[in-house]
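Per-chain numbering from 1; labels A, B, C and D assigned in written order.
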Amino acid sequence: MVQVEFLGPIGKNPIALEAKNLKDVAKELQKDEELKKWLGECAVAVNDRLVQTLDVELKEGDRVTLLPPVCGG
Amino acid sequence: MVQVEFLGPIGKNPIALEAKNLKDVAKELQKDEELKKWLGECAVAVNDRLVQTLDVELKEGDRVTLLPPVCGG
Amino acid sequence: MLELYRGELDVDKIFFRWRKWGERKNYGAFITFVGTVRAENDIEALSFDVYEPILTQWFEEWQQKARAKGAYLMMAHSIGDVPVHTSSYMAAVFSPKRRVALELIDEFVEDFKANAPIWKYDVITGKRRYARERSHKIVGSGLLADT
Amino acid sequence: MLELYRGELDVDKIFFRWRKWGERKNYGAFITFVGTVRAENDIEALSFDVYEPILTQWFEEWQQKARAKGAYLMMAHSIGDVPVHTSSYMAAVFSPKRRVALELIDEFVEDFKANAPIWKYDVITGKRRYARERSHKIVGSGLLADT
């Protein structure tokens, strides 16, 4: 299982998923109508490292984090 | 008569000159060997306004100021 | 150094502390940016969520860039509510000479706005509303929509 | 506003006063540049001559440029001796938004260095020595040598 976390304004509790890689996570999250609008504008981190591709293998206990558009300052 | 003033590191007291325009001032100052080295690197103000040309007429009581290279801050 | 505070920043105290630090280190140029909450759109405050693990990495990467130029960065940011006319953000650059400092403060603050993992909300009649229209997608956003 | 002081600047006091002013005026971005005398080349202090009439004009022209962009400038500078590790120069920009402020502080400080009528001396064993090699000819210099 991997843990998926939703930061800031997404306002959704973490969920646990069966996923071998980020593509599996994408497919799973796309099923959630409420999340769909966020997926197009969120950056993704795996274990707190931002990633730029879906070709990322995941292992048991990995954390996937969704970061919606930011505005500090 | 016009008054010529020397700012900052030139360290020279003001002098009074007969001059109808800035060209007259230039000719007069060029006679001073000690000043010669400064003339090439000084900006010039007439009555506290910087000027960019020697074609400036002067009248009785005008003040000509020489500003050597600057370094504030 | 990166500093996070609950609520508004004590700007003068932070400024003093940073300045004294730079003085001891013999830096000649010290630039600070202070972001203050403007009274506009009937807001009472802005409010911020911060994701510290990624913010820390982002900051440390910038610190390395700064060190490579002989400079040093400081940053302070608020978490939670920050009332109108108080400050939520401070950034500073120290460097021996001015040119590096002037360039770094610009690049650092712009990248902060574009990529630092912080979320802003308007607070109106006590309610938080995500400032979506003023927010920026982090580089590489949209990955999970592409399959 | 342009402020001139004999000797070193009381940086924290000036910063506080400027900041409070900007807070009341509802500016969102406040950038300060502080120039501090570095310990180098065995100097004890830097020393400055300032020609106020032309400095004031130079500053007012910049203030007009700033106002045209909705921004506001402040500056403080020392006259006379300023010991090592103390500050001789502060500049600040206030603006509603960051972009204008970041651009203005850079342009303003660079033009200050190039054209503000201030002369710098190193002070070594109590003697003033003109910092000729670090100084810049004001735009239009050399007029009186050309005849």
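To be clear about the criterion, contacts are C-beta pairs under 8 Å (C-beta built on N, C-alpha and C of every residue); 3 or more make two chains touch, one makes a residue touch a chain.
As the structure is a prediction and not an experimental result, all values here were calculated from the model.
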item	value
Chain D reached from chain A - shortest hop count over touching chains	2
Chain B and chain C: spacing of chain centres that average the CA atoms, whole Å	49
Whole-Å gap between the CA centroids of chain B and chain D	25
Two or more partner chains touched - positions in chain D	35, 98, 109, 113
Multi-partner residues of chain B (each touching 2 or more other chains)	73
Pairs of chains, among all present, that meet the touch criterion	A-C, B-D, C-D
Chain D - residues contacting chain C, complex	11-12, 15-16, 19, 22-24, 26-40, 85-86, 96, 98, 101-103, 105-106, 109-110, 113
Parts of chain A lying in touch with chain C, wherever the complex brings them together	7-9, 22-23, 25-27, 29-30, 36, 39-45, 48-54, 65-73
Residues of chain C touching chain A in the complex	35, 48-51, 53-54, 57, 77, 88-89, 109, 112-121, 130-132, 134-147
